[in-house]
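Below: the structure, in structure tokens.
Going in written order, the chains are labelled A, B, C, D, E and F, and every chain counts its residues from 1.
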Amino acid sequence: MLILVKYGPENPAERWKLEAAAPADQIVLIQNGIFWAVTEPKALEGKKVAIVQPDFEARGYSAESCPWPLVDYAGLITLIEQNPKSMS
Amino acid sequence: MLILVKYGPENPAERWKLEAAAPADQIVLIQNGIFWAVTEPKALEGKKVAIVQPDFEARGYSAESCPWPLVDYAGLITLIEQNPKSMS
Amino acid sequence: MEKLKITIQVMAPPYSYQDLDTALNIAEAGLDKGHDVGIFLFTDSVLATLSRVKPIRMDRNIPQRMQAMIAEKGLRVDICGICMDYRGVSREEIIEGATPSGLPELAALMATSDRFINLMA
Amino acid sequence: MEKLKITIQVMAPPYSYQDLDTALNIAEAGLDKGHDVGIFLFTDSVLATLSRVKPIRMDRNIPQRMQAMIAEKGLRVDICGICMDYRGVSREEIIEGATPSGLPELAALMATSDRFINLMA
Amino acid sequence: MKKVLFVIYQAPGGSVWPNEGFRTAFGMYADEVEPEVLLIDQAAITLAKETEPQKLGLLSIKMVQKYIGKYDTKVLVEKESLDKFHVTNMDEAYRAEVLSRAELQARLPQYDHVVFM
Amino acid sequence: MKKVLFVIYQAPGGSVWPNEGFRTAFGMYADEVEPEVLLIDQAAITLAKETEPQKLGLLSIKMVQKYIGKYDTKVLVEKESLDKFHVTNMDEAYRAEVLSRAELQARLPQYDHVVFM
């Protein structure tokens, strides 16, 4: 299942989604969802996470120091191709 | 100072306002701001709080069991009259 | 109480969120108490001036309510012009009595109002 | 990869929030990879179809970008009709190639799409 | 037949999302989609007997009840959210089933799409 | 002369509020209003040297810098927010003053209106 997260940790629905994520689910942090990686990385532990790089970089963060895989929009399409189910 | 709070505890700006409220400041909970009284009353301790009753009741809560003063919209105007400064 | 000039700023779109209803409720209570009340419509809230807005039958009509408050109670309504352009709202389509303006007018309202209430984004 | 039918639902108003840009970026990447991509515009996102939207000079033009993607890349755009009525968007003013529809069409899109991505409120 | 769960997390009155969430679910019966509706967080107050935004001049939420009956729509609500928002007197006309967060999360794999409003 | 503090709490790119907050502040110079701008929470990233939504095709935020210079607009940022969002390399063109939450809150009585965007 592809889980799209577009708000940061202040959003209760995003927190619900992340808690619900099974180890095999593909989480994608996009838009302000990237703030989970910045301020609450603990919530991502043990999860399969990818970050949309253009959204991450536009907010001033550097790909170099990022421990999660980064994807561009073409890469996001690949993740969408791989996951027929979605939670978004 | 009149402090208007219209979102619940999930909103970081509302939390900032409530933390900043001095004892003399008049806090008004309106719209989803009434959820502070429901789920996080501790954040209101020692503060001067009024709740907009129609907004409270439309969300299913009863005025009877409410420990804070309730105002209707005319009462809110009275609070606005009494407080030239605002944080909203 | 002396007559006060009260300005209420709104930003959220009507119907999706409660802010327009809140602003009109506060404005109405203020007008009924004899105050001079104005609403400044910023960003997506400008949609509330479109006379063509057509809610389902059992829902309230926000532009009509605002227009009636302008005509009958003297509510002032200013609309941010750039915000109108951004949302495709043309000056021909807005309710009678609402005035396209802009940030200079907001600045003047802030300078001259006795009270300023904002409904934040 | 086989050709997939991908539908993206949007709800937030353009410009105020990033969702329309995100939807168009995903759609474009999908179209460029040979997929069949559609966007369903719900609630305030319907504003993105107004051809009259006029941003400031240095800002992007979202309706124009969407229209170009319809014409040049085959993007499908469906618009919730009741949502249009609620926001005063008339059928005469929308960009070419966008189709006023409704929930039955959304249901059909959900039933027939291989992938469904939603940008929540 | 696709199974879709519409999740509402915002309160009625403050926003239109509970109304739009239900309306979207009802629209699904036009096609081969089986919808369910889940209420979490602030949206849990939707189910309280006394909750009615129409009291405040806003769009009614109780209006969805007749379609829940008509379509026999499955409505779920998270127990933890009911507790958090002190919803004790549930309106039975919503025919909601109360499930814990753990039960709900265990249920997720059965849906093709989980759509947050 | 009224003193007004515009507080931005949402991130640029994700929303237009940092742009609109600055634009509104600049508009105040048309009249007897003295504006200041405060960035808290996610909005603190506005000040990072590398933050630029235009990289992603969105409206530029750096464009406000020239008006900050032109009007000599006072820009404040909360230290705790800079720390929380790992903003270490601040763009000096915003001319921002870093204050702690306690310092900011002590400052609030000097404003007639504190307006959150």
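Everything below uses one rule, namely that a residue touches a chain if its C-beta (ideal position, glycine included) is under 8 Å from a C-beta of that chain, and two chains touch if they have at least 3 such contacts.
Here the structure is a predicted model, which means the values were calculated and not measured.
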Inset, instruction - Tell me which chains count as touching both chain B and chain C. - result: E, F
Inset, instruction - Indicate whether more than half of the residue numbers at the chain C-chain D interface occur in both copies; give same if so and different if not. - result: same
Legend entry - Where chain B and chain D are represented by their mean Cα positions, the distance between them in whole Å: 39
Legend entry - Geometric centre distance via CA averages, chain D-chain A, whole Å: 23
Legend entry - For chain C paired with chain D, centre-to-centre distance based on mean C-alpha positions, whole Å: 29
Legend entry - Whole-Å gap between the CA centroids of chain C and chain E: 32
Legend entry - Set of chain C residues in contact with two or more other chains: 15-16, 18, 25, 43, 116, 118, 120-121
Legend entry - Of all residues in chain A, the ones touching two or more other chains: 12-13, 31, 54-55, 84, 86, 88
Inset, instruction - Could you check chain E for residues that touch two or more other chains and list them? - result: 10, 13-16, 42, 56, 58, 112-113, 115-116
Legend entry - Listing of all chain pairs that touch each other, if any do: A-B, A-D, A-E, A-F, B-C, B-E, B-F, C-D, C-E, C-F, D-E, D-F
Inset, instruction - Would you pull the chain B residues touching chain E in the complex into a rising list? - result: 8, 31-32, 35, 38-39, 54-55, 57-62
Legend entry - Touching residues (chain side chain D, partner chain C) in the complex: 13, 15-16, 43-44, 47, 50-56, 63, 82, 85-90, 93, 121
Legend entry - chain E-facing residues of chain C, complex: 15-18, 21, 25, 58-60
Legend entry - Complex contact set, residues of chain D against chain A: 1, 4, 6, 18-19, 22, 25-26, 28-30, 32-33, 35, 114-120
Legend entry - Footprint of chain B on chain A - complex, ascending: 10-12
